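Here's the structure we're looking at; comments come further down.
Order of writing sets the labels: A, B and C. Residues in every chain begin at 1.
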Amino acid sequence: MVRLVPRETKFFELFENMSSNLTKAARLLAETLGDMENVQVRVRQLSDLEHIGDDITHTILTRLNQTFITPFDREDIHKLASSLDDVLDFIHAAGERLVMYKIGVVPPAAAELAHIIIRQTEELAIAVAMLEKHDHVLEHCVEVNRLENEADTVARENIGKLFEREKDPITLIKLKELYEVLETATDKAEDAANVLESVVLKGA
Amino acid sequence: MVRLVPRETKFFELFENMSSNLTKAARLLAETLGDMENVQVRVRQLSDLEHIGDDITHTILTRLNQTFITPFDREDIHKLASSLDDVLDFIHAAGERLVMYKIGVVPPAAAELAHIIIRQTEELAIAVAMLEKHDHVLEHCVEVNRLENEADTVARENIGKLFEREKDPITLIKLKELYEVLETATDKAEDAANVLESVVLKGA
Amino acid sequence: MVRLVPRETKFFELFENMSSNLTKAARLLAETLGDMENVQVRVRQLSDLEHIGDDITHTILTRLNQTFITPFDREDIHKLASSLDDVLDFIHAAGERLVMYKIGVVPPAAAELAHIIIRQTEELAIAVAMLEKHDHVLEHCVEVNRLENEADTVARENIGKLFEREKDPITLIKLKELYEVLETATDKAEDAANVLESVVLKGA
């Protein structure tokens, strides 16, 4: 049942599609957080992007199972697809929180976190595009990790402030979770960067 | 130290035991959520089923470490055992929340989620039983994933309602977590289905 | 690009450094929880230990990518480094909660959990030190798992009490999370013990 699919299965192309879709989602999330006018519509668009991402992930994993020769480690292809998919899931989850919790006013720090996510997805997209030639991939991975640290500080400080200032526990629960979901998206981006680093170091 | 254990190590049989134990736990959870009379007793029974599951998982992983030839990918055996074990852990965790938080009245949506979990565990049990012959496994995996989407919608809608209607923050925290734990059980069932799909696609 | 690094890459030594750093962090956390005088200073010291741990993890993973022959399964080296790093992350996260949430009075159960974590890290350090010779590793793994069960019970009971007694929802959120972060550290220690067990069972 295993078919030998040539190396041309275009894993690199699929990963480029995936990361460009991811960047689009990150930008849409930042727009949504910056202007709450059409939240419902925009979150539906985020869901569409998430479905596109799911389809690409599924294609990568299915082809992986049917391919003997892969352009880099089988396990790393799996991990890279999963971690990029996770970033998208958490971007989408952040948008969903706005609707589910009817968050009307978004604190500036949430938009700030979304902008850090945009920069991470842009760095990931560059690193993925360079992966085949192994050129300069590492420096973009380092930048993704630096951005994760930055996001961590922003989230921690603002959750701290929230506990000082917000006296309504239900509002506090909502905003705390929004920050956490955004911060988790940056963790998943770091996971993806670590896989890319590992691929380059193995010199595959 | 590695012993060559023949293919007859009965991984398939162990997985069938595991998934039938899992279905039992899912049914017990749904009963518990539907009738809060004997919660303490039932949650203790859930703990017993969880220990049985732990033992089967441990047997699978130990044998895996001592076996040269496995009926399907070593890594997939590990992932399948872990993800089925995770489903059971979250079923048990949902039951535990009832006791730990002294939840007296369970909202109907929690029972609805438990019924989705039952259907997932039944589908997983069928898929596992068919795994050796590779017959029709995929369609049951697709159904497990569809059920996960259904659970996701039920959970999201009901957490949204909870934030609209529940004015007591402490009750809100309890019920939100109950929904989340139930929804996570359905995610773990999806993970198990994805491993099964992968095993079939590899044509092992 | 792959260099053949001899078996002497000293993975065992790196893991010993990692687990001794981990034990140090666990002790520092318990001190901090026991005496809230200099929380800020101590949490900064915890951050330093976390950075040291990150560096050792990074060294292990980088060398792993550049090494052909490893003293035990490549995948297990990766999992062991990651799970020990996770324990450290959650120890650090527990300390951070004290500062971020300005927790002034720590309930005794939190210190009790920290002491369980100390014992787990001591057992892990012994198991790691014995790993090369495979001597008595398993009994220390069993003890780490037993301690996880103990922590689970302590956390569950005390979260239950918290919901009974604490009427301020915001304080409840803070302390619940502190317990959960501590309990997750013990889960990650169990993950590390499971990898060690697996290495020994494979007889690598």
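Brief remarks follow.
One rule holds in what follows: a residue touches a chain if its C-beta (ideal position, glycine included) is under 8 Å from a C-beta of that chain, and two chains touch if they have at least 3 such contacts.
Computed from a predicted model, the values in this text were never measured in an experiment.
Chain contact topology: the protein chains form a complete graph, every chain touching every other one.
When chain A is fitted to chain B on its Cα atoms, the angle of the rotation, on a 0 to 180 scale and to the nearest 5, is 120 degrees.
Rounded to a whole number, the gap between the C-alpha centres of chain B and chain C is 27 angstrom. Counting partner chains per residue, chain A shows two or more touched chains at residues 75, 169, 173. Interface residues of chain C, counted against chain B in their complex, comprise 75, 156, 159-160, 163-164, 169, 172-173, 176, 194, 198, 201-203. For chain A in complex with chain B, the touching residues are 1-2, 61-62, 65-66, 75, 96, 99-102, 169-170, 173-174.
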